[in-house]
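Before I ask anything, here is the structure I am working with.
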Amino acid sequence: MRKILLTGFAPFGAEKTNPSWDAVQVLDGQMIDDARIISLQLPSEFDVCLQVLEDAMRAHQPEVVLSLGQAGGRADITVERVAININDARIPDNIGQQPIDTPVAEHGPVGYFSSLPIKAIVQALRQHGIPASVSHTAGTYVCNHVFYGLMHLLPNHPSVKRAGFVHVPYTPDQAAAHPGAASMAVTTMTAAIRLMLETTLHTAHDIHVSGGITH
Amino acid sequence: MRKILLTGFAPFGAEKTNPSWDAVQVLDGQMIDDARIISLQLPSEFDVCLQVLEDAMRAHQPEVVLSLGQAGGRADITVERVAININDARIPDNIGQQPIDTPVAEHGPVGYFSSLPIKAIVQALRQHGIPASVSHTAGTYVCNHVFYGLMHLLPNHPSVKRAGFVHVPYTPDQAAAHPGAASMAVTTMTAAIRLMLETTLHTAHDIHVSGGITH
Amino acid sequence: MRKILLTGFAPFGAEKTNPSWDAVQVLDGQMIDDARIISLQLPSEFDVCLQVLEDAMRAHQPEVVLSLGQAGGRADITVERVAININDARIPDNIGQQPIDTPVAEHGPVGYFSSLPIKAIVQALRQHGIPASVSHTAGTYVCNHVFYGLMHLLPNHPSVKRAGFVHVPYTPDQAAAHPGAASMAVTTMTAAIRLMLETTLHTAHDIHVSGGITH
Amino acid sequence: MRKILLTGFAPFGAEKTNPSWDAVQVLDGQMIDDARIISLQLPSEFDVCLQVLEDAMRAHQPEVVLSLGQAGGRADITVERVAININDARIPDNIGQQPIDTPVAEHGPVGYFSSLPIKAIVQALRQHGIPASVSHTAGTYVCNHVFYGLMHLLPNHPSVKRAGFVHVPYTPDQAAAHPGAASMAVTTMTAAIRLMLETTLHTAHDIHVSGGITH
């Protein structure tokens, strides 16, 4: 059976929830075409999260891996274009690790591009009334760490044909404690994830439209 | 019977919908305690909107009047503190009027403060997980025009005990066409409006907490 | 002799300098046409600042009073349109006062409009390559307090023909401690102040261009 | 003689000037320690700019190459950490080219990290009162194109020991036409460039402080 591995993170910092997990959790067991979704929570901990991810990849041999994380302050769903080989933590992770300027993978390349059809995904989301854009940095914290680590694992997991990372905004409940911060309903995020997965399964070659930024 | 007059605006500019009306419309006929909500759409037209508003106030003799408008780009529900006696339109309204530096009311005072319990409202919304804050400018377009005009009408409408204005963000559907813009689900706005009205009915004196800004 | 009273504030909060005073200080004694500038530092203290201001107005009988304050985070010079009769301090002032929802002046009107030619000033600054815009809120802290108090004093100071308030951004030195914050060179602010004063002296009636905002 | 190659761009889009060139131009011929600065204007044109850059590198055999570009809207000096192998132009360049999702270098790696001491540079700038931060995306336009192309050229230019890219804000003159946009005086940018070069020459190993972002 075709499988899709979907990951969200455990809460980190001062937050009690993580919208990426809130949105991913409810999709566990659902089908996209004939592919079953497996939802997995990753710990917000450097290195440990990659072990948990790799174990799940080995166990499930998914065709698609989509990881999601929280981007508190961003207003829309941001489809990440590139992961970079650096850990530079502004705050400690959930077990107190705070790496500065270390590589995610020793001897790994500087970066990996997403293999999701990022432009087609953004277009599909907007057409369905969900705010979205391409992002050119996934940061240097646990989110980028998982994104890079995921792409770096792929040569050993040939079942995976497409993989990438997406950031979601705060939930309204979180934003209520951060005056002025943007938010998005979890139901909208969940609908967005289904659309992203459908678009990924149905798009062999990404579309030719600009998603770029001058700086 | 106690009545609450709730107003939202018609779409303006390039928008096809107006979230203030989307959120207000569904509450028509609903009860807050023993007060019935009357939902009214105002035209996004200087002066005309105030005639429509006054007609409804005369017809319904409401106890509370809450007007809402769209604040595209703002991330949370903003409870306006003050209306000012100026029209200064950056873009024409729906019938082509573009007043610059004219008064809303000839010989009217410079401003009116909201008579809603604005601090209690913000606190209640946040406690229910809805992002909200006090705002110190309702702009100089049709929203401020209605807010000022509403307060200026009150001496002739003694049924009205509390009145004020609240801005709501774009809907996700609107924000999908404005990359990077924040949004809020209409259902969240509607829930917020019910909470604002309950808080208004239940709060005789506003609470003593800061909602201020240094500039 | 014609006189112009120019005020800036003492540093407040965690700041060691205040750009409004940095920019104002160097103009003391300079001439605009045949009017001499008197530069005055106001304490960042509710009520006390107004006593200092009134003493100087009584002593100098200026024709123009222009007060300036720091708006940390704003990117351009913002010419304030309106002062409101409220104190709502998010942080204590320099002597520990933190009024919440008190009036600046008991029984004073809700607001006062600037009597500066605010549109002509913004136009002149932009034409000289200095970023500027009209602002519709001076906040609810000491800046708005001085702006409101200044306008409220005018009936007792008939020498004053024009008065208003302008906010300036952080200096680069301040912004270096606030990552991501905008700033402006003090020399640019000082040049801007001279331009504002010249424009004020030379403009009998403000120009008819929009400086408004939709919200 | 030791040489430093410093590049800025020609104006692009609707701008008549480019702050990167304004700031770089005046340093031509100046010395940093015993190294002479050579200032070079690059055309804002894909591919052509890299030919001009390579010609200059071949001619001068510099020890350090620092390229700068305009980041309209950013508030501080942003020291770029990473270049990526993608061109994705939102607007055409100065000769009408608008590549979408093409590589800067066929078969090139996904990215290159700056070899400047980016953390030490940010620290030095802040200590001298100049707003600065590390940036994790140089965009996908001509700036990233030059940054990537520069790093990709290095194996053929062994004289170059350190190279990287820095973005500068609008000048006040530019920002005056973009209401609300941040700016920085050209003299501050020029002082910043000298500091960056001194720090580069004096820092063998970058300092160990976080410059990271959670997303």
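Think of it as A, B, C and D in the order they're written, each chain with its own count starting at 1.
Here is the rule we use: contacts are C-beta pairs under 8 Å (C-beta built on N, C-alpha and C of every residue); 3 or more make two chains touch, one makes a residue touch a chain.
On a predicted model such as this, the values are computed, not experimentally measured, just so you know.
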item	value
Third chains touching both chain B and chain A	none
Chain whose average C-alpha position is farthest from chain B's own	D
Chain A-chain C separation of Cα centroids, rounded to whole Å	47
Averaged-CA centre spacing for the pair chain D and chain C, given as whole angstrom	38
Where chain B and chain C are represented by their mean Cα positions, the distance between them in whole Å	30
Where chain D touches two or more other chains, by residue	none
Arrangement of touching chains [line / ring / star / complete / other]	ring
Touching residues (chain side chain A, partner chain B) in the complex	75-76, 125-133, 171-173, 175-185, 187-188
Touching residues on chain D, where the partner in the complex is chain A	13, 69-72, 74, 81-82, 84, 86-91, 98, 100-101, 109-113, 119, 136-141, 143, 167, 206, 208-215
